[in-house]
Amino acid sequence: MEKGPTMQVAVNGQERQLVSGTTVADLLRQLDLQPIRVAVEINMNLVTRSTFDNTVISDGDRIEIVTFVGGG
Amino acid sequence: MEKGPTMQVAVNGQERQLVSGTTVADLLRQLDLQPIRVAVEINMNLVTRSTFDNTVISDGDRIEIVTFVGGG
Amino acid sequence: MEKGPTMQVAVNGQERQLVSGTTVADLLRQLDLQPIRVAVEINMNLVTRSTFDNTVISDGDRIEIVTFVGGG
Amino acid sequence: MEKGPTMQVAVNGQERQLVSGTTVADLLRQLDLQPIRVAVEINMNLVTRSTFDNTVISDGDRIEIVTFVGGG
Amino acid sequence: MPNTSNDSYKVGSFSFKSRLFVGTGKYETNEIMKSSLEQSRCEVVTVAVRRDCLADNGAARPDNILDHLDLDRYTILPNTAGCFTAKDAVRSARLSRELLEGLENPGARWVKLEVLADKKTLLPDPVGTLDATEQLIDLGFEVLVYTNDDPITAKRLKEMGATSVMPAGAPIGSGLGVLNANNIRICLEYLKDGDPDYPVIVDAGVGTASDVTIAMELGADGVLLNTGIAGAANPARMAEAMHHAIEAGRLAYESGRIGKKAYATASSPWEGCIAVS
Amino acid sequence: MPNTSNDSYKVGSFSFKSRLFVGTGKYETNEIMKSSLEQSRCEVVTVAVRRDCLADNGAARPDNILDHLDLDRYTILPNTAGCFTAKDAVRSARLSRELLEGLENPGARWVKLEVLADKKTLLPDPVGTLDATEQLIDLGFEVLVYTNDDPITAKRLKEMGATSVMPAGAPIGSGLGVLNANNIRICLEYLKDGDPDYPVIVDAGVGTASDVTIAMELGADGVLLNTGIAGAANPARMAEAMHHAIEAGRLAYESGRIGKKAYATASSPWEGCIAVS
Amino acid sequence: MPNTSNDSYKVGSFSFKSRLFVGTGKYETNEIMKSSLEQSRCEVVTVAVRRDCLADNGAARPDNILDHLDLDRYTILPNTAGCFTAKDAVRSARLSRELLEGLENPGARWVKLEVLADKKTLLPDPVGTLDATEQLIDLGFEVLVYTNDDPITAKRLKEMGATSVMPAGAPIGSGLGVLNANNIRICLEYLKDGDPDYPVIVDAGVGTASDVTIAMELGADGVLLNTGIAGAANPARMAEAMHHAIEAGRLAYESGRIGKKAYATASSPWEGCIAVS
Amino acid sequence: MPNTSNDSYKVGSFSFKSRLFVGTGKYETNEIMKSSLEQSRCEVVTVAVRRDCLADNGAARPDNILDHLDLDRYTILPNTAGCFTAKDAVRSARLSRELLEGLENPGARWVKLEVLADKKTLLPDPVGTLDATEQLIDLGFEVLVYTNDDPITAKRLKEMGATSVMPAGAPIGSGLGVLNANNIRICLEYLKDGDPDYPVIVDAGVGTASDVTIAMELGADGVLLNTGIAGAANPARMAEAMHHAIEAGRLAYESGRIGKKAYATASSPWEGCIAVS
């Protein structure tokens, strides 16, 4: 399926292969996640929602995709 | 005013002279007290309200006329 | 061994047969108890030590022989 | 009395004039203080006891001479 | 599941929703008393019996407290305050009953018994209290008995037929709250053994709202107080506080609180933490 | 006269009526959580940030908590639970802000800062907490800081610009209530000195309703809790208890309670007693 | 100045230096009992009366406790433990007296009265206790009365002629210490009013050394305990702890402790600080 | 089996038998101080550093405290009282060391570090305390650190190399005793984890003997106090009380106290009761 070159990233601590050039918005689509319901960090730096479309993921990136859960 | 013979009683600890033959009902009238708002003891025995008219006070009687006050 | 007539008593709640005429002192001897270490009640009345020799037990007597135990 | 040039120092927060060239040991003598019972700082730096004789005080020095007091 | 705090509960032949019993003594004005009672949302108010004012010299007679209590709203619970002997307590109770019968008030059926030992500490006299309880029950009263927190006396009072036992949290007017929760717990254990609806009302000692909540959390059915409201800087507001405190305590009792530990467990989950540390 | 409990009060740029802050962790079901929040009448709920579930294998994704919170009703207060360093706490706060900005929720402006020392006791790390507070204030957050009950740390946090200081009553989840009322009192004295409206919220340790009432009677502006409700046998009822407990405590604080004495004074008057004894 | 802790004090016709009264029940062995009594430095030990063992079948008779108590050293205080009625308590006391007279032990003059209400809680029965106290005084006993902490009962017992009133700190064997210091204080106020040397001995409830110290700091003349020592993992060492605890509490009581404040004043002087800050 | 109270224990390179550390401040006279120290049987006394009196005008110089302390008997523990910054605390410690080295006193090796936050409450400043601890350890001191009762700060201080952590029971001079036993327990759990002999000394807040006993029963290795003795009406007697209180608490800790129950079990046996009831 994946024809182009790939890269290795960690998403929420899990190693994954992504097609080179994947943006944050692409990744969320692949994961079936609504952008409005998540916040994203790459390499511990916040990626604001407005830049999801333009932010291209790089090989080796450590990506955190978080949402809210119950907490006290 | 007092024509007939009198007697000495204590009402709520105060010495008073009453005309002989005074009933409890008479006494309450003299004191301007509503029967419905008081309870009466003569010599530590309760006088029920229904007998106020018929209960004649005797010389030396110790009468208590009580009502409710604030209490905890 | 027991030749004479006997009687039934309760000693510390246990039924026992004693020879008629048995004194408190006799009983203590039989039980191998030192008089100095016990106090005795018959039918809930105290028997003073000085009368152990003279106190004859009767049929049906309820006898308590007590001593000290650890207590707080 | 003071013939030579003087300098201005603060000892335990009090302004004082000292003859130029005064050592710590000199100062303690002037103050009638036993070296063994005090510790000395000049300008917040500790002056060890063994150097009292050789430590010459400078104009403007802030000197602390301390001892023990009751404390919890 | 025990009754919820919205359900009614019984004290003898009476049935109430509010678990707060409020005294009517010591308010600066009748208006303050009225608004305090309202804010407290109580259904039962206590009153005392005293010699009426003999103002036959034409002097103005002071207001009678009955003019300031809505008898359609409140059930009157007469007390025997001021009595130091069983005999006087019985006299007081009978006078109260006579008054309330005249008013056709259901409070004629019951009495809050207090037999105090002395004026110094206002502590109850256990012997006089037992004696008066017996007499009043014989006279047909439903007797709610103010007593100390001794579980044995409490148990005996119930065995004698007391309609409710009312152990003190602390001395009257002391503001110390529930001084001996262990005793109140044992009282409850004895009194409710096989009879969970038997009403136990903590009476006296309340200083502030948390005292009420604590009493209710122990499992008491109600709290009776007076000085805690009447003596506050703002009695009507404190009355409202006491209303909430009663609700809080009852609901908490019914809710099954968490256990106590020296330290415990996170409210937020560990799984999925972003922390790399 | 301080604000009545019906008035609103401020925490930073927010204004609330309810003084209860409720956590959303540890409920058995979302339905229990929802009814508990309702019964608590809280206006602010705390949530935590965690890695989202990567269910890209087609497995059902669990509900998101946001589906179960009425965002028109509740202000979201994101916490940094699970963070053991200032750095992670700052990351967590920024992620929360991003999420809440996307939701156009006013909770984007603030954060409840927790920097814990370890998982064993969940006690806050004072040094990391001070560090993170400074960073978050620099980043424009209104910071509500969970901290121990040390008055000096509390004072320093306020001086740094914390929007609210939230001293612990007891360790998280311990159910021990307010262990050191003296420290909370000194915290309040420092934090409200010349600034009586500065919000101080007791956070953590609540086991039952009276714990909340006691905290409020000390003069706290609010209480934050989670396990005390979520871990109760009947969470929704305990939530209602906590609502009343908050009201009771605030009103009592405002009402000026009576003093404490070893023993005291009669609620009923002595004058006019029928007692001959 | 009150007596120093080195002075002797009186309980009825007896005079002692040690203020610790130790029970002899529940020790695993007589040797442990002996060493515990020694370490406690007590001068009075309590014993109970029980039916002797009727080992007339030739079986070995267990040791008698009297074989393990140095009667030259200890004054025996017989109790009426196990009695639930005044009648049985009087029987028990008379039997004890008979035993001690035979031994020419001065303990024949006195008795520790216990009339318990039931085996479940071991709480004293106030009515039976009052009844038995009267009877025993009539029979010439010096009566030391174990009672609950109700100040009114305590006062009545003294008025009846009790040699010493012994209010409980907490239920027998509970290990809860002094549950209601307020009541013990009022007991002391009543019992020592105009009679400062009247002996008040806190009896029952002690769990550990600080419980004893607290009781003594309140102004009690002594403490009686048993389980606190006998049930400890190391009874003899705990007995030594209790000795020190009694001394500590009495000395502290006599020394006039400092007041309590939320915060206070430096132990070291401010003057002469080197700090420039 | 832990050390018995008669055994010696270690604090850094020092070894002591007495577990009481006594301050030398605030006594009315040096004679009272001397007799108090004697009665306390302490082996360590704390002193403070202050500017010497510059009586060079011929006025009489007040006695130096060193003239009143038997340096063969007592180990001097200099404190840094009066310091509000790490810098001043370090200066103070170095001056103390210089003084004690001159006296050839072993106290030159150690220091009791206090970095206070302000004069109002005398509470320790946690940040300054951590900072100064590090500096003093670098300078070779054995540092005994006065700190609040926060277990996390305590743990960090030990990790930095503090010779002993000295958590406060309550604010200095407050007389409130151990306000938060839960925190002291967690401090002990952290500090003694895998290192049971690490010395933990409760410092500050003691009002009376039972406070000391309670601290020791929690498992502290010692208690440091000053005002509790110096401010008592009879300091020397209170010092004796404190000696016994330390012994009582340590022995009780070692003895394994009985458990706590709402009510419990008889001290005297049931078997063989004469009671027919």
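Worth pointing out:
Residue numbering begins at 1 within each chain, and the chains themselves are lettered A, B, C, D, E, F, G and H in the order written.
As a working rule, a contact is a pair of C-beta atoms (placed from the backbone, for glycine too) under 8 Å apart; a residue touches a chain by one contact, two chains touch by 3 or more.
Small disclaimer: the values here were computed from a predicted structure and weren't measured.
Each step here moves to a touching chain, and the least such steps from subunit C to subunit E number 2. Contact with subunit C and subunit G alike is made by H. Sharing over half of its contact pairs with C-G by residue number, the repeated interface among A-E, B-E or D-G is B-E. A separation of 74 Å divides the Cα centre of subunit D from that of subunit E.
Per-chain CA centroids place subunit B at a distance of 97 Å from subunit D.
Distance between subunit A and subunit F, defined via averaged C-alpha coordinates, is recorded as 34 Å. Centres computed as Cα averages put subunit B at a distance of 64 Å from subunit F.
Annotation for subunit D: residues 12, 41, 64, 66, 69-72 touch two or more other chains. Subunit F has residues 23, 25-26, 48-51, 79, 81, 91, 95, 121, 123, 171-172, 174, 176, 182, 186, 226-227, 230, 262-263, 266-269, 272, 274 in contact with two or more other chains.
All chain pairs in contact, by the document's touch criterion: A-E, A-F, B-E, B-F, C-G, C-H, D-G, D-H, E-F, E-G, E-H, F-G, F-H, G-H. Looking at the complex, you find that subunit A touches subunit E at residues 12, 41, 64, 66, 69-72.
The part of subunit H that touches subunit F in the complex is made up of residues 117-118, 121, 123-127, 130, 148, 150-153, 155-156, 170-171, 174, 176, 179-180, 182-183, 186.
The touching residues of subunit G, when paired with subunit H in their complex, are 4, 23, 25-26, 48-51, 79, 81-85, 87-88, 91-92, 95, 119-123, 171-176, 207-210, 212-214, 217, 226-228, 230-235, 237-238, 240-245, 247-252, 254-277. Against subunit E, the residues of subunit H that register as touching in their complex are 182, 185-186, 262-263.
Interface of subunit D with subunit H (complex): residues 11-14, 30-33, 35-41, 44, 46, 48-49, 64-72.
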